[in-house]
Each structure stands twice: as structure tokens, then as C-alpha cells.
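Shared between the two complexes below is subunit A, which has subunit B as its partner in the first and subunit C in the second.
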Partner chain A sequence: MRVAEDLNAALHRLMDHDPGLYVLGEDVLDPYGGAFKITRGLSTRFPDRVLTTPISESAITGVAAGLALSGDRAIVEIMFGDFAALAFDQLMNFAAKSVSMYGTRVPMRMVVRCPVGGGRGYGPTHSQSPQKHFVGIPGLALYEVSPFHDNLAVFEEMLWRGEPCVLFEDKVLYTRPMHAVEPPFSVERAGGVARVFLDDQPDCVIVAPGGVAHRVLAAMRSLLLEEEIVATLLVPSRLYPFDADIPAARRVFVVEESTGGGTWGAEVAHLVHQRHWDRLDGPVTLIHSADSVIPTAAHLEREVLVDAAAIHRVIRKVIRG
Partner chain B sequence: MTSVLDRAAAPSRLDDADLSLMLLIRAFELKLLDLYGRGLLNGTTHTCLGQEHVPVAMGPLLGPADHVFSNHRGHGHYLARFQDPEGLLAEIMGREGAVCGGVGGSQHIRRDRYLSTGVQGESLPVAAGVALHLKRAEPGGLACVYIGDGTFGEGAVYEALNIIALWRLPVLVVVENNGIAQSTPRGTHMAGTIGGRAAAFGIGHALVEGFDLAAIRGRLGPLVARVRQGTPLVAEFVTHRLGPHSKGDDTRTARELQEAREGDWLGRYRAAHRDQVDRLEHEARAWVDAVAEEVAARPPSRWTSS
Partner chain C sequence: MAELRVPKLNNNDTEYLVVEWLAPDGAEVGEEDPVVVVETSKAAEELPAGASGALRHVVGAGAWCRPDEVIATIGAPAEAVVPREHTHEGAEPLVTAPAQALIDELGLTPEQVRGLGVAVVRRADVERLATAHPPAGIELSRGQRAVARTVALSHRTVPAAYLAVRMDLGPALDYARARTKEIRRPVGLAEIFVQAVAGLHARFPLFFATPGDTHATMSDKPDIGVTLDLGNGLYVPVIHDAAARTLKEIAATLMRHRLAATSGEFKEADLTGANFVVTLHTEGGVVLAIPLVFPGTACALAVTSPGDGTPADIGLAYDHRLINGRDAALFMSALKESVEELR
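Up next, the complex of A and B:
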């Protein structure tokens, strides 16, 4: 099953099981079913609870917060994750703060889904990975879709968390298969973290969210074959608050598609330094896209976005010198 | 769509209970400015001096099952709904018994179906969501949102009004049009009119002047009943902000301040009904004095964040 189909199936199951769950977004009705077809079929089955909206990201997110305040659940689709910036006030100042700013805990069960990332030529305002802009907001949890995490379970975790959540969905994942790892690598999941590994003791650990996992795996394969560098990949489902057991290794890398500057990876690196500084050979290395807008032309976009070759190059340089 | 309640030359006599509540809010706000002046309060606050009659007028039009969304200038809205100066002052002073543990302070209060927040216009989309829930789960209920004329500069207002009208949500927007947004007069911050903006969305608009509460309720009652059936309404109260925006930040000219004072309901009402005002004002002030003394003596509020 492909990631998009898994997401769609998860939404169908959720809507089926939870009569208090709403799905809101622009152009989510059938036959269109959302710009990336993740909501396909939902409005036909649940016409009362799948609401197509005006182009109003702030209001849609606020409506979801109102439903959550009333004890309902809501999933919002932002057509392109870039537009979550238009909902930033509702997320940061209302939904997330409402969890705690009234003195007692107010559960806010809502998820804002954000298709993100480049590689498809959509240009500067439709290709960003805005995860970093949402890191560190009290009461707001960030998740990212990965091929190794069952989306139904991730949605259930988010909706029962009692805090608003943003789910980032790298667009290049939609057409990729779920759970696929080629030999000699194996994958297993513990808690919310998927681990892709070899039986050998790893030379390094790579932490990367789901959207770049396949690029990291390609780099891990070439590093193994060409350099005999053994790497373990950790793919957390929840990006923030971040928590993962880092296997013993002397080098740690964080890979993400966000452009450089104030990244999620910097937050991960800080945590790893706090916990494991004594066993590391050096600082955690951040690998990300260039500090740049995302160009539209394919050759220019390739220069900016992080890819398997860049991951390979940086890891080889750090480990081999 | 627009209706006008003319100012009565000699204000009609108010019910004792209504006047007491209006005077309680007045006394509470004056006490806050006094406490600030003496350095006894943290941060800032926005008093509703001059606007006390608006939430009191709305009181009987709203039921306990309705949701009320207030804003940065919300003490009157809270007191009109709960008549709880102790809890509110404890919240503002960070003392035991604070409604929200002292976390929210003056601008961020939640109790039962009452909620305030400090970002202009932010609550309108949220109220739309709550109204969507009410429409389906508790038909006949409504969400009432208090905003000011300055809030009409925010895009969230229009996104929400569009959805409220499209989905026929039971939302009542009460506008306290005091003619000034912090220090910016309406002529500098608003093109056109509030009624015109409501009309753009096909939403009904009622213009309310004066403070004849019985007349206001009689006029708004049927319109609020229609809100409950899914016909949203913008009720615009023409009012005056007597005090500064927050503590001491009033840049209005002496003449403008004089005009605000001349428009104040209390001065005009006192001229016509001095005995009633004197009697009830004394009671309200005595109550607030006692509350302030008692609350100030309480230990600090406690809060565990998780």
C-alpha cells in the first residue's frame, strides 16, 4: 500500500469509528477529494462531517479549535503546508495556549495536516518544509508521516494526546510504498521511533523524519557499499517534543529537508548533546537544505534541496575526514 | 437590516438589579486603576469604563448554555455573567481563588462556557467552531462574541463572518463601538461602516444607541432568537471608552475626553435619577472595597503547568 492510500484509509477508519470527528479543508469534497486526494471518498460517506471551506486557513483552524473546545475532534487539511503560516495565530496563540493558559488542562483534540516539501517544482510558496517554524510552542505537538509508521495509529495518538498537533506530510511520500526497506537493512519500531539498521555495530546514527527517510536510506546503502560505513537510521513519528533513545555511536547526524537556520535538527542536536556529549567524537552534524527559497526550475530546486548525494558526502567527510 | 434606538432625552429608570451590576463593574474598574496606581498589580489591564451597560443589557438575552467569547477588555463581560468580583480580582492579582490560577490574568479567562483571549479577532473563528457544535449537538444554543470597532481591522473577522453566514451558524457578534482603537480614532482605522461590512456577508445588523436596557432587550430579543435558529447577527452598540486604553495611555485631547464624559451613561443617568444612583453606587463601592481588601490579603495563587 502506498502512503497516500494508507493515509486515506486511516481517515476513513477514524471517521467511521468516531462520530464526533470532523474533517475540514479547502476542496476536500468528492469528486475532487483534496489536492492530493488524501480525503477522497470521505465526503461521500460522511457528508455531515466533511466540510469544504472557503480559502481561509486561519478560520478553518479556528473552527477546529472551537470544535475541540466543545469536546469534538477535528482534522484540518491545509492544502499546502506553506499556508499553515496563515493559521499560525490560531495554532500558536489560541489552540496550543488554550491547553494550559486557563490554569487547568483543557484538552484540545485537533490535527492540522500539512503537505510539505519540494521536489515537485511547485515553487517557493508551495514547496517549503515549515516544521522548524512550529518547534518549541508549548502545548503544540509536531508529527511527520513516515513510511514506517501506521498512519491510523499515529492519528489515534494525536487525537488522544489532548494537545493540538500538526502532521507534516512530505508530498514525495504519497506515491511511495509503506514499510519498504531493502536488504540488507531491517526495520523495527519501538514506541514512536522506527529504527532501520544492520546487525553490525553502527559507526553513526542518523536521525531523520519520514519525508527524507528514503534519501537517507539511499545514502546509507552507498556509504556501506563504497565506504564500509555502517549507519543506523532513527525515524521519529513525533518531531516535537522530541524523545528517542540514541543507540551508542560516536557520531550522530540529523537530516531534514528544512532550509538552514533555526532548524528542528538544531533542537535534536541540543538534546543529544545534553544526554550523550561524553560518548560523542564531535558535535551532532546537521544536514539540511540550503538557506534559500525553493526555486521552481528543476535544476535549481535540486541545488537547494537536501538529497542522498549530499547526505552521503557530509557523512563520509565527517567520518573519514 | 439596521435599526436605531434613539437616545432618550431623559433616561428611563433602570431596574435596581441592572443598575447595581453596571455600578459594580464601574466600581471594579476604578478600583483596578487605583490598585495599579499604587503599584499593587502586575502587568497591564484594559478597563471597560463607560461600556458597562453593554454586557448587562445582553445578560438576560443569553442563557447559561450559551457560549460567551470575550476579549482584552472583558471584565464587564465576566462580571455581568458571573457577578464574581472575588474570582476576577484574584485572577488579576494572582491570588488564591483566581479563576484561572493567575495564569490568564486580565485577558485570558475561562469558566464554564465563558472564554476570553487577548488577540484581536482570534475568537471569531473559534466561536464559529463552537457554534457548529451547538447547531448539531444543542440546537437553540448560540455563541456570543464581543469585539470592538478596532477589531474590524483583522482578517480573521472576515474569514469567520463568511463561514458563519455560509453555514448559517448561531453566532451573535456584539460590537462595542467606542470609536477608538487603542489611540487610533475610528476615522483613521475604519473605512465605511460596521453595518456595511455585515451587509457584505448578508448578515443582519442592529445599531444600538443609549442605555435604556429594557428597550434594548425588547429590540434585540427577537433578533437573538433568530440567531438561535441560524440567522447570525452583528449587534453594534455605540458606546464611549471613558478611561485609557490600558493604564495611563490616553492621548485624546481635553475636548475629546470631555465628549466621552458627556456621553457617559452614568453621568447622564445620575442627572435624572440621583437618589437611585447614590444609594446603589455606595453599595457597589463598598462591596468592591471589601473584595479588594480581602483578596489582597490572600496568599499567592498556585499552578502546576502539566
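Up next, the complex of A and C:
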């Protein structure tokens, strides 16, 4: 099953099970079913609870927060995650604060889905990975879709938290298969973290969210075959607050598609340093896209975005010198 | 037969990306079945087949297509498509590049590598294999390994034929002894045959050529290699431009080469560039020797010599792509004549 189908199936199940759950977004009604078809079929089955909206990310998110504040549940689709910036105030100053600023804890059960990432030539305002801009807001949890996490379970966890959540969905994942890793690697899940590994003691651990996992896997394969460098990949479902057991290894890398500067990876590195500094050979290495606007032209976009070759190159250089 | 054409999906784009085929080439699809994902600059769209039948992709995933372009055909159930087999039987292990280098160096077989029973073969695994099964017998010297490579390459690439001619070497040996005294350098069959072969260059240029698949590269002078093995390995030093040298010069050069062969201290230039090789089998009553044709040359002459110098069978191994039997016979006949008339 492809990731897009898994997401669509998860939304159908959630709507089916929870009569208080609403889906809101631009162009989510059938037959269009959203720009990437993730909400396809929902409005036909649940016409009263799938609301197509004007182009106003702030308003959509505000309505969702209002529904959550009233005890309902809401899932918002932002057509391109870049425009989540327009809903930033609703998320930071209203939805996240509402959890704790009324004297008693108020559960806010809402998820803002954000298709993100480049690699398709969509240009500067439709290709970003804005995860880093939402890191560190009290009461706001960040998740990212991965091919190794069952999306229904992830949605259930997010709605169960009682805190507003942002779910980042790397667009290039939509057409990729779920749960696929190429031998000799195996995958297993523990808690919210998927681990892709070989049986050997790894030379390094790579922490990467689902959107770049396949690029990391390609690099892990070439590092193994060309350099005999064994890496273990950790793919957390929840990006923030970040928590994962880092297997013992002397080198840790964090890979993400966000452009350089104030990244999620820096937050992960800080946590790893706090916990494991004594057993590391050096600082956690951050691997991310260039500190640049993301160009539209494919050849220029390739130079900016992190890819398997860059991941291979950096890891090889750090480990082999 | 129906055609699947890409509809105009939005007004901004003149082309769309075929992201993925949801139904494989040759699959039976129904009219409503989504078969392909195409992406505009803003959104992904699944296209239904639009007809029932066997789907045939016209463009591959990753291709760009224009609105109204045909990207597939849907026809009557076509001839049964044989699905490509993905056999996992006896699956080959993944071999890392460092491990492969060592496998090649040690000449291990795929069976031995498979016998490791690991999914990923690393250099350490191969080292383990090498220690567990040390190669029986003695280790080959560097020089002998080089010989082995040359022999293997020759047998793989040169279709050699062989022809031997009986010659009376008695007068030539008498001549050699006389010249040895005269020029105060050792003259033997090696020197005599180097000079005799070099003398044939002008008449038989193909015998000094470098064979290729469709062309032979000619040489403007005979550079004669001579096999020397004084117990320290086989060397083939070269007497360059042998036709322009006197017998004394040839004898002096070969003497220098023999000294170098005892120590292995050749200059690179001494060992490169032969376009004809004389192989010497003048010890121990050898009556027949079939030399290998060195890759890059067309011939190798085998000089054997019964102790008394009387009728010896002198052989020519030659690259049959370049030289036919009749030419070889003419060459050997001319050689016999020039060696037998030495006085």
C-alpha cells in the first residue's frame, strides 16, 4: 500500500469511528479530494463533517481550534505546508496556549496536516520543510509521516494527546510504498520510533524523519557496500518533543530536509549531547539542505536539497576522515 | 483499442510529470481503475483507465507528458505477458567493494563466498575465509603471478596456431663459436635467431604487427623480446630495433639482460615494447615447445636445440587472426634459409 492510500484509509477509519471528528481544508470535497487526494472519498461518506473552506489558513485553523475547545475533534489540511505560516498565530498563541491557560488543563484535540518538502520543482513557496519554525512551542506537538509508521495509529496518538499537533507529510512519500526496506536491512518499531538496522554493531546512528528516510537508506546501502560503514537509522514519528533511545554508537548524525540554521536537528543534537556526550567521538553532525531559498528549476533545486549523495559524503568524511 | 490520454489538468502547466504507474504494463484493468499518478505543478492526480483491457504503458514513470498526449493504450486481452521472474533461489549475498577487491586478489570462487553464509560479505569475512582455507601448496611469487595473468590473458584472447620446421643448426652453432671468439661476446642460438628474425621484418611486416579486432597496427622496426629465466622468474627483455644492430651489439645487449635477469633489476624500457618474441628452450634436450603468443604481439618463435645442434624443430606460434598457415610456412622457410646459410 502506498503512503497516500494509507493516509486516506486512516482518515476514513477515524471519521467512521468518531462522530465528533471534522475535516477542514481547501478543496477537500469530492471529486477533487484535496491537492494530493488524501481526503478523497471523505466528503461523499461524511458530507456534514468534511468542510471545504476559503483560502484562509488562519481561519481554517482557528475554526479547528474552536471545535477542539468545544470538545470536538478536527483535522485541518493545509494545501501546501508552506502556508502553515499563515496559521502560526492560531497555533502558537491560541490553540497551544488554550491547553493550559484557563486554570485547568483543556484538551485540544486537533491536527494540522501539512504537505511539505521539495524535489518536485514547485518553487520557493511550495517546497519548504517548515518543521523547524514550529519547534519549541509549549503545548504544540510535531509529528511527521513516515513509511514505517501506521498512519491510523499516529492519528489516534495525536488526537489522544489532548494537545494540538502538526503532522508534516513529505510530498515525495505519497507515492512510495509503506513499510518497504531493501535487504539486508530490517525494520522494527519500538514506541514511536522505527529502527532500520543490520545485525552488526553500528558504526553510527542516523536520526531522520520519514520524509528523508528513503534517501538515508540509499546512503546507508552505499556506505555499507562501498565503505563497510554500518549505520542504524532511527525514524521518530514525533519530532517534538523529541525522545528516542539512541543505540550505542560513537557517531550520531541527524538528517532533515529543512534548510540550514536553527533546525530541528540542532534540537536533537542538543538532547543527544546532554545524554550521551561521554560515549561519543565527536559532536552530532547535522545534515540538512543548504541555507537557501529553494529554486524552481530542477537542476538548481537539486543543489539545495539534501539527497542520498550528500548524506553519503558527509558520513563518510566524518567517519573516515 | 482505447488510448489513455492525459487530460488538461490545470491551465498553468504545459506539461505534467508521470509520477508512478499504479497498474503494471500488461495488467488487466477495468474502466474505473486508477492506473497512473500524474502531477501538475500544484497537485497529484490519479487517472482512471477509461476502458477495460490490457494496459500498455507508452511512457515510463518519471517522464514528462503534455496534455492530450497518449501515455498508455488499453486493448483486448493481449498475449499472455510472462511476468519477469524474481528468483530468490540461492540468492547471491551482497558483497562490499573492499570485500570484492580481496576476493579478486585471492581468486576465491562464488561458491566459497556463498559458503560464508552471510547476507553481506565484508572484507573481514573474506579474510576469515582466507585464513580458514589457506591456499594449498606454495604461494606464487609476484613475478609468477604476473606470468599467470599474461598466460591467462593470452589463452583468453589470442587464437594461436602452431607450426614447426626442421632446421639443421650445426653450421649455425659453428658460426656462433667462431663469432664469439672474434667479437669477444658470447654468441649463441639466442643471438643468431634474434638477428635472423629481425632480418625478416621488411619481408614479413605482419609478423611484427599488433593485432586488433578489425585492424593490425604495423611496427616500423623489429623489437625482439627474448625469454630469459635464470631461476629468478621469467623475463622478456627486448632488443629494440634489432635489424639496425650488429651481431656484436645484439650479443652485448643480451649479455646485459642476462645479468639483469639474475638480479631482476631491469629498467622499465628493457621490458616493454616487444613486437616479436623469441622463446628459448635450449636446455635439457627439448625437442618441441609451444610458446604462448604474448598479448599485443602476433608471433612467438620457439627455439629448441638438441645438444649436437643437428636437426632441431623450430616452432612458430602465431595469431591466426592475422597470419594464415601458408604465410607462417613462408616465414619459417625464409628463417630456415637465413639460419642454415650462416657460415
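The criterion applied here is as follows: the second predicted complex is superposed on the first by the 321 of 321 C-alpha atoms of A that agree within 3 Å, B and C clash if a C-alpha of one lies under 4 Å from a C-alpha of the other, contacts with A are read in each partner's own complex, and residues count from 1 in each chain.
The working rule: a residue touches a chain if its C-beta (ideal position, glycine included) is under 8 Å from a C-beta of that chain, and two chains touch if they have at least 3 such contacts.
Computed from a prediction, not measured in an experiment: that's the story for all the values here.
Touch counts on subunit A: comparing subunit C and subunit B, the chain ahead is B. Once chain A of one complex is fitted onto chain A of the other, the partner contacts of A:L225 are limited to subunit C, with no touch recorded for subunit B. Of the two partner chains, neither subunit B nor subunit C is touched by A:F197. By the document's definition of touching, of the two partners only subunit C reaches A:H126; subunit B does not. In the overlay built on the shared chain, the residue A:M101 is in contact with subunit B alone; subunit C does not reach it. After overlaying the two complexes on the shared chain, residue contacts for A:A64 are found with subunit B alone; subunit C is out of touch. Subunit A has no residue lying at the interface with subunit B in one structure and with subunit C in the other.
Only residues 48, 51, 53-54, 56, 58-72, 74, 89-90, 93-94, 97-98, 100-106 of subunit A touch subunit B when the two sit together in their complex. On the side of subunit A, the complex with subunit C involves touching residues 4, 35-37, 120-123, 126, 174-175, 183-184, 198, 224-228. Remark: subunit C residues 17, 19-20, 37, 39, 41-46, 94-99, 119-120, 122-123 touch subunit A in the complex.
Considering their complex, residues 98-104, 108-110, 115, 117, 119, 122-134, 136-137, 143, 155-156, 159-160, 162-163, 166-167, 303, 305-306 of subunit B touch subunit A.
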